[in-house]
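So that you can tell them apart, the chains are marked A, B, C and D in the order they are listed, and the count of residues begins at 1 in each.
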Amino acid sequence: MSPTPFLVLSALLFSIGTLGVLVRRNAIVVFMCVELMLNASNLAFVTFARQHGNLDGQIAAFFVMVVAAAEVVVGLAIIMTIFRTRRSASVDDASLLKY
Amino acid sequence: MIPLADRAFDAPHLNYGRLSPLLIVFGVALAGVLVEAFAPRRLRYAINTVLSLVGLLAALIAVVLVAGDAPSHHGGVSLGSLEAVGAIAVDGPALFLWGILLVFGLLSVLLFAERHLEGGLTAFAGQAAALPGTDAEREAASRGVEHTEVFPLMMFALGGMMLFPAANDLLTMFVALEVLSLPLYLLCGLARRRRLISQEAAMKYFLLGAFSSALFLYGIALVYGFAGSFQLAAIDTAISARAGATSMLLVGMGLMAVGLLFKVGAAPFHAWTPDVYQGAPTAVTAFMAACTKIAAFGALLRVFYVAFGAANWEWLPVMWVIAALTMAVGSVIAITQTDVKRMLAYSSIAHAGFVITGFVGVQSAAEVGDTQVTSLQAVLFYLVTYGFATIGAFAVVTLVRDAGGETTHLSRWAGLGKEAPVLAGVFAFFLLAFAGIPLTSGFTGKWMVFAAAWAGGAWPLVVVAVLMSAVAAFFYVRVIVLMFFSDPVGDGPTVAVPSILTTAAITVGATMTLVLGVVPQPVLDLARQAGQFIR
Amino acid sequence: MIAFWILAPLMVVCALGMVVSRKAVHSALMLAVVMVSLAILYAAQDAPFLFAVQIIVYTGAVLMLFLFVLMLVGVDASDSLVETLRGQRLLAIAVGLLFAIVLVAGLAQVTVGAVVGLDEANIDGNVPGVARLLFSNYVFAFEVTSALLITAAVGAMVLAHRERLSAKPTQRDMALQRMRDYADRGVHPGPLPGPGTFARHNSVDTPALLPDGTPSELSISRVMRARGTVRDVEADRAAIARVDDETNVLRGGGDR
Amino acid sequence: MDSISSLLALIIAIPAASAAVLLVGGRWTDRWGHVLGTLAPIASFVIAVLAFLDLQAGGGEPLQQHLFTWIDVNSFQVDFDLLFDQLSALFVLLITGVGSLIHVYSIGYMAADPRRRRFFGYLNLFVAAMLTLVLADDYLAVFLGWEGVGLASYLLIGFWQYKDSAAVAAKKAFVVNRVGDVGMALAIMLMFASFGSTSFAGVAEGMESASAALATALGLLLLLGAAGKSAQVPLQSWLLDAMEGPTPVSALIHAATMVTAGVYLVTRSHFVYAETEVAQTAVVIVGLVTLLWGAVIGCAKDDIKKALAGSTMSQIGYMMLAAGIGPAGYAFAIFHLLTHGFFKANLFLGAGSVMHAMNDDVNMRRYGALRAALPITFITFACGYLAIIGFPGLAGFWSKDRIIEAAFNENVYIGVGALIGAGITAFYMTRLMIMTFLSEKRWQRDVHPHESPLVMTAPLVVLAAGSVVGGALLLNNWIVEWLEPVVGVEEHHEALLSPLLITLLVLAMVAAGIVVAFLIYRRDKISPEAPTRVSLLTRAARADLYGDAVNEAAFMRPGQQLTRSLVQVDNRGVDGAVNGLAALVGGTSGRVRRWQTGFVRTYALSMLAGSALLVLGLLAVRLA
């Protein structure tokens, strides 16, 4: 089976993720979109692994999951902190630093 | 199917000796976490400070020892070896970068540990989980509670920074990127004063950092798709073999470049830099500005010279544009800044542009030859000069204070020359170094990268760079004028008397800035001995 | 392949739904669908180990964490989707489309390459194959991920865990405090009045009535008042009175 | 000889060390700081004299001292060497000699200033940097001194920091100088890239096989650097403003030493200009334009220091002109530079003495008839005056005359230009003299002029003596032969006009200038109005002129028109360009900085747009 459909799907998911980062204000949703981007990369890794016939791509996907898990913990902790201080999870509200 | 037992697994051999600098730093970080878990609260600060300092010194010694008997590679052209089953290149540039990262790490630890400025406490939040301005926060402060976790976090970040430019495959590099980033996201949000902007900085850094590492990761995926391997050497082989590089490779290369350029703060991926530098605790800013940049440049050079070296004519034009844009954005925007930390942040962007200028110069003179300074060496040298001045400058920023903590608005710095002539003089000296005035390290550093770039045929870029350093000189001098030639507004800032720790950091920074301007030769020799990347 | 053609449109729709849904919880659930579908695609591409890890780590752990935080933040809060930054949405869509086109164009070339397939690599089974690679070529990266996990744990503790700096007050302390407050400031020492005098359903949003007929402010949680969900006693009273009147009129009419 | 060579470093080190002591030492050096600061350049001067004698005795072999290797990367090496050859020798003597006198003078001039010690620190710093500039034997090391003098000059111009105008002037000087520095830096880069060396010897060697285009580029870039430092058109605007600094600074930096660095650079780089007609011509044109420009501006200023500053520009224009002519002119450029160093320092210090007497008023319209009140100042000033206008026998006569002669040999138009310059010089200097020392009293109330103390007048006397006898350097063609080993032999030119005729022409021109000045200002009707009321002034001037309709019709009105328009061009045009550039950069900055909106999503958008463009760029390169 040709890998192209998988790759196109992965590219689409990745692009949707980037779009989400740009248009959503809720920090948690923005972060979900980043997770979607990571997942899309994983799909590409797994597909390429099959194409090249080595397992390195699958290892990469495995590492990405570990990294994502750690990142989620740190990210959500930061978002929680800022939510507790400002009672808002909107990324637009945090804009004291500018110019 | 062959039974598993028949295909015995050879446990990989790790040469712990050669990896010892990395292992020591990670070990210290782990020990620091254990201290946090088990030591009584009042001892944690002392134990962690001493542990970090001793650990970094030990790692530095280990770097020297490893460098001392590094095997020669490629018949003496470069030295070093591939370790950890080819995942890590312990070569000249990597050892050099490890050395300077550890030195700057040491200076940063000194700033982290400073306790004289906040009435016996560090500059980090007492209870990060307590809401700003509540009783809980005040109680934490009055009881002398502080987050000594910053020391292990910093060690983890430093470990990641050391691994990042030494990683010889993209996967290790990605993991290293995250290892260095995550603790920094956390550290940014831990300021004791001005919690709101500190948290905002953490969130911005985190979201944009996660975004950029996702782009970086997708780039890795595409490059893997092109080459079928994560090994830098294998990618190089794949690129050389298929002369007509496919567009997939280029897209992947571009996305990887985005991730790396984000970390070095190059335009148009610089937007996080001023906000994060301003919001983060100043000690963390100093650490980030010096060490992250070094690590990211190390990785950028390794990836683009080793893995993508064969396709350099394709990425060079784009890098030219980025270098010019970065210098312009940094220098021009800095002119109208009113906050010292923000101005230094833009200045760091401009410096990233200068480094990229050196980085670009090189490869177009495909055979760098041994008659000229290679751009790798020039960049390594520049990073040393920049690091000392940056840490010193931010250390000075921590000392100028008023009732609300550090006072970073430029108008409050007016007349500092009368208030504290020595401190203002030292700061002015750092600014002159940033401006590249002769007899400071900034001049020799700039000279080296510009020379490398010019030798590599990037002379239009050098013209832009010289023009931009002229523009940049203007805003550095503006601050000097403000400090020495203006009257203080109101009561003027007070200059806190630091402990030996910050004093030492500033002294080392200033001394090295002077020494590297007058006798740069020893460090240049070291950079030269670092030779080239191995693959 | 059939699985792919069924799942792919679903995934794209869900991904888009994640971006456009007003409620963060819905976004999370859509993301869950995408992740589970991805797991199936992994299985379809000879990656059974990843299939399991994807479900366990992503859907099981990561997504649960997201939902957990959403609960803390307020699960039914829905976001306004009106764009407040001028030009942001338009530019975002334009740039996003451009980016998607570039990516797809870059990837479309892959068709030329022959697919090797994983039959040989998976000859010992997928899990041993992965393990072999993980503990040889990538052993250092594997070890270093421990640093990541420790960082994450320390970070979560630092940012979210508040240490108790003074001893927790006992019941006796609290009782004494209550009496002191009563003595000093006249704060009512007993339990607060319960709500629901007019309750026509088992509701906490209706205040109790004091003996003089006025609603008791204390009987309603402050949070509810802040949210504006407290029932208006006077309106209820008026409504009841109206009903009574009507009944009276009706009754009176019957009498006549 | 070796012993003297090894002392060369001390010439720089002594003032540098003194500066360090004064600036770092803080208040406890207040009491004796000025003494130390003055002894330092004197000590350097003594060593310089010894070295000079040694050089003379040693048959012209330059003295060299290797200090250390600054940068050594593979084949590229920058040594920090000192070179004391015939050219540097003259400069070192001028800098330390005149410098010492100015230091002595400053003891008196700055006596009342509470920050005198710091002032001497900066002066020493300047002297050290200037000596580095002229003693270095490598362009990169020259650049070091170059930046150093820029910095010191910046600190000194802004020394009276409480004056807003001083701070602005300092900033302007810095900005304009940076423009020149860019040229210099690029020139050095170009040398390094082309020859792999930046030492004088290395570049000279490389030039032999260099292409004409390379030589032209180098020449023009160096000229840009020289123009910035020497206040030549179009980078001249900072010099007038720089007069905000204390007067000794104007004398030392903006008359005798720093502003001549450009001439030094061009002369030193004679091997570059030898290969390029274009750059040489550019030097000549820049020199000529500045010569006239500065002279005309000198006619219009009522501020005594600014009038002198205009004159400085003009005189340096002469030097540039001479240097641009080539081997025939180098020696005269340096000769004029030396004599100018004497008489212009003399004039500036004299002006300082006048200001000292007049409560720091600089407006000449409020001077007048000071010859009796300030006899020593008057006599010394008169010596300087006669020297600068080229009164026969005095220093300026010899040096300027030779430059005009060389200009005529080069090209008759250039000669005429230089000749006219001499006439205008005579005019504005006479005007200055009349307004200050002759004519009637126009003093403000509370002004009681008194002669300055001995510590100030003594240097004046020495400098005046120098102005009178400075021409002696030309005896037996000494200076030409002295500089021959450095700048090469003068080719023999077919003289266009006989030297005697030129001398007579010059004298006639000078006489005309003096006469015109006397005609205009003879009636002692100089208005003492404040310069802020310009319209009144103009009207007063008009009324004065109507009395002499012939004068007006002949050249006063067109002359005044020219003067005014040129000053306009200078204030609006050139200044405008500099300020406009600064405003442009600042404005761009202000606008671009708004893109940093503070919204993280905007940042993400810019990143994504950047990545898309980056990737597209990569693809485009591949397709291209």
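Just so we're on the same page, contacts are C-beta pairs under 8 Å (C-beta built on N, C-alpha and C of every residue); 3 or more make two chains touch, one makes a residue touch a chain.
All values derive from a computational prediction rather than experimental measurement.
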Per-chain Cα centre nearest the global Cα centre, belonging to chain: B
Between subunit C and subunit A, distance of the C-alpha-averaged centres to the nearest whole Å: 17
Length of the line joining the C-alpha centres of subunit B and subunit D, rounded to whole Å: 44
Rounded Å distance between subunit B and subunit C, as computed from the means of their C-alpha atoms: 37
Centroid spacing, where centroids are CA-atom means, of subunit A and subunit D in whole angstrom: 63
Junction residues of subunit C - those touching two or more other chains: 85, 88, 92, 95-96, 99, 102-103, 106-107, 110, 137-138, 141, 145, 148, 151-152, 155, 158-160
Residues of subunit D touching at least two other chains: 593, 596-602, 604-605, 608-609, 611, 615, 619
Where subunit A touches two or more other chains, by residue: 7, 10, 14, 17-18, 21-23, 25, 30-31, 47, 51-52, 54, 56, 59, 63, 67, 70-71, 74, 77-79, 81, 91-92, 94-98
Pairwise touch network: line, ring, star, complete, or other: complete
Complex interface listing, subunit C residues touching subunit B: 102-103, 105-107, 109-110, 123-124, 128, 132, 135-141, 144-145, 147-148, 150-152, 154-155, 157-163, 165-166
Parts of subunit A lying in touch with subunit C, wherever the complex brings them together: 1-20, 22-26, 28-29, 31-33, 35-36, 39, 42-43, 46-47, 49-56, 58-59, 61-63, 65-74, 76-81, 83, 89-90, 92
Touching residues (chain side subunit A, partner subunit B) in the complex: 7, 10, 14, 17-18, 21, 27, 30-31, 34, 37-38, 40-41, 44-45, 47-48, 51-52, 54, 56-57, 59-60, 63-64, 67, 70-71, 74-75, 77-79, 81-82, 84-86, 91, 94-98
In the complex, subunit B residues that touch subunit C: 1-2, 4, 7, 9-12, 14, 19, 26, 29-30, 33, 36, 84-88, 127-130, 136, 139-140, 143, 145, 147, 149, 152-153, 156, 159-160, 163, 169, 171-172, 175-176, 178-179, 182-183, 185-186, 189-190, 218, 222, 225, 246-248, 250-252
Residues of subunit B defined as touching subunit D within the complex: 203-204, 207-208, 211-212, 215, 245, 247, 250-251, 253-255, 257-258, 262, 267-269, 271-272, 274-275, 313-315, 317-318, 321-322, 329, 332-337, 370-373, 377, 421, 432, 437-439, 443-444, 447-448, 450-451, 454-455, 459, 462-463, 466-467, 470-471, 473-474, 477-478, 481, 484-487, 518-521, 524, 528
